[in-house]
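Chain lettering (A, B and C) follows the sequence in which the chains are written, and residue indices restart at 1 in each chain.
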Amino acid sequence: MLPLELRDLRFSAGGHPIIRGISARLEAGPRSIILGPNGAGKSVLMRLCHGLLRPSGGEVIWHGAKGGDPRRRQAMVFQRPVMLRRSALANVIYGLKLAGHSPQECELRAQDVLEVVGLAQQAARPARVLSGGEQQRLALARAWALGPDVLFLDEPTANLDPAATHEIESLINMIHAAGTKIIMTTHNLGQARRLGDEVLFIDRGLLKEQSPIERFFSQPASNEAETFIRGELP
Amino acid sequence: MNRFRRVLLCLALMLAAPGVFAQNFITVASTTSTEQSGLFKHLLPVFEKKAGIQVRVVALGTGQALDMARRGDADVVFVHDPAAEEKFVAEGFGLRRQEVMYNDFVLVGPKSDPAKILGSRDIVDAYKKIAAAGVPFASRGDKSGTHAAELRLWKTAGVDPQTGKGGWYRETGSGMGPTLNTASAMNAYAFTDRGTWLSFKNRGDLVISVEGDQRLFNQYGVMLVNPAKHPHVKREQGQAFVDWLVSPEGQATIAAYKIGADQLFFPNAKR
Amino acid sequence: MSGLGEAFAAAWALIAGVEPGLVGIVTLSLQVSLSAVLIASAIALPLGAAIAVGRFPGRQALIVLLNALMGLPPVVVGLLVYLLLSRAGPLGSLGILFTPSAMVVAQTVLVVPIIAALSRQVIEDAWREYDEQLRSLGASRPSAALTLIWDTRFSLVTIVLAGFGRAAAEVGAVMIVGGNIDGVTRVMTTAIALETSKGDLPLALGLGIVLLSLVLLLNALAALIRELATRRYG
């Protein structure tokens, strides 16, 4: 699947440019955090990578896809997870079924991942009555059950309290440790530091820098990044 | 999900329940006057029991009933507009027309008698007085047998009711019952068959104004739809019904139908 | 208004007396209208969902047409179906004119636009919420449409009930294609029309009250189920 290469990627909506030519290379391994002020185009960039949006120009290239369907080997967790009106278990099974697994396999895998994210007790409960934190863990389980090579996360903890945030972060680390590439946006710079290996800093539709996490925070390459770090840090 | 399926199954069973799919039946195109007077409710069970043939009556105006039969949607026609019936047979849509029974038309109107015709036996004179006085008259205006009879009488009276349209002459464009409802509400005169009048309940201030004129005679005829035109016509069963209506038993059954003390239809089949 | 008093007395006498004729009429009314609504739902829900998630030329025009068809006069539908099923018509050989089947056909035609147009609206609103999540999980448009039907099922029940109300209450179409044949195609509404014709207004209104009570009962039942289900599934 990886590396993922973005070649002069552009996207505009209604004649208004949002991504204005981004080229980058994302390797297997490091957890990539996309940072940038509101409206910089972080979410759009992630949706372009995931294939939910069609670029207006440029290309998204999965170098390691080897002829298979790259869509099948990536998954995404959204800021507000959309829970289907059925049980927690059925929500996980839904994704597995779409991926073409047999009914028995779906059931087994779904129960496994629910166990891992700590929702085994809630498996039979309707997904929509779970708490926000539980719903986000379920969303993570649903995505991870697919066994993706790459997992996109769009501000996965933006609506959660510190305890729930902590649980999600541990799960992300665990998923990464099990060999899945993490690409994630966040507004929480502490979280970026805790989870990130490298940072892609986006400003007004342009990639300002891509650098290891320590260097980004100690010696940002652009004025914009410096202002951003100062403004966002307490 | 399981419960949902069970509910669906129950629904399916309920709907699949065989209701009314009797095979041995005929469809009769008839008039609102025979249906609404209650005659069929009295007549049909006797025939159905004897012949084992279910009779399904679609009640329309005579004009519509004949049109329905022309399209092949009925096996038997049982109506009351001799001129239109003769034409129907002449066009080849019906087989031999047979007379079954008659009743008579009456003119009903408000008790207060604004046209000064109450108790008259001269329908034509009454029509002239209504037109002259310009008092409200509710007409069916629906090409039915009753409507045709009403129009013939206007012609005899030498009045063109269309001149009163928008004024005293009011066409309801509906069946006998609705027209009587309208007349009752407007205190208008109306031309109706006696059977419908006798079984009609919402009379208000209406009473019979004119009756007993020879020209108010209302003849019913019956005929089989021509199987040569419409091959699916149930010739045998349909003919059985026609034959029974004109048979002594059928005729006696018709004569026996009464509302209170009043006999509604008078059998007069020629044997 | 002594007429109203008489009507309620007549209605009560009808219900309390349990006249076999009335039972037949009520049963047939329910059979015809429920069948029509079931068939119409089987056609209209997938249709509404397909239009909701589909993208094809003429979509907007189709939506406008469907919305307009909600106002289709029953008499017009009756005439169309009559001409279609008449012996002289294209489907005359079926020989189902003046049978309950013909009435089911007419009511189905009447109800399909209502269910399709309203469900299109509901499903399209849900689609806006689910769109990215379902596509991310790899759902094709047809399978997304089915998912949305299932997930909006509580709202759709209300729509189907609206369709049932329309079917059970209309008189123009069933009068023409059914013929109001005593014991064969006489339903609540045509019986009401007949009693009105006979000038028995209290009995007509009494039948109307019985019809209304039935529809009310059904709606109350559906509301109850919906309430319980919403509490359970969120």
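Quick note on the criterion: contacts are C-beta pairs under 8 Å (C-beta built on N, C-alpha and C of every residue); 3 or more make two chains touch, one makes a residue touch a chain.
Being a predicted model, the structure only gives us computed values, none of them experimental.
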What are the chains that subunit A and subunit C both touch? none
Longest centre-to-centre distance from subunit A, chain (CA-based): B
Give the identifier of the chain nearest to the protein's overall CA centre, each chain being represented by its own CA mean. C
Find the geometric centre of each of subunit A and subunit C from their Cα atoms only, then give the gap between the two centres in Å, rounded to an integer. 46
Between subunit A and subunit B, what is the gap in Å from one C-alpha centre to the other? 77
Quick check: how many Å separate the C-alpha centres of subunit B and subunit C? 32
Report the residues of subunit C in contact with subunit B in the complex, numbered from low to high. 27-28, 31, 34-35, 38, 86-89, 92, 95, 97-100, 179-185, 194, 196-201
In their shared complex, at which residues does subunit A touch subunit C? 47, 50, 52, 71-72, 75-76, 78, 81-82, 84-86, 94-95, 98-99, 126-129, 142, 146
Can you name the residues of subunit C that touch subunit A in the complex? 129-130, 132-139, 143, 147, 150-151, 153-154, 232-234
Which bits of subunit B are touching subunit C when the two form their complex? 11, 14-15, 17, 19-21, 25, 27, 32, 35-36, 40-41, 54, 56-59, 71-73, 175-178, 180-181, 184, 199-203, 230, 232
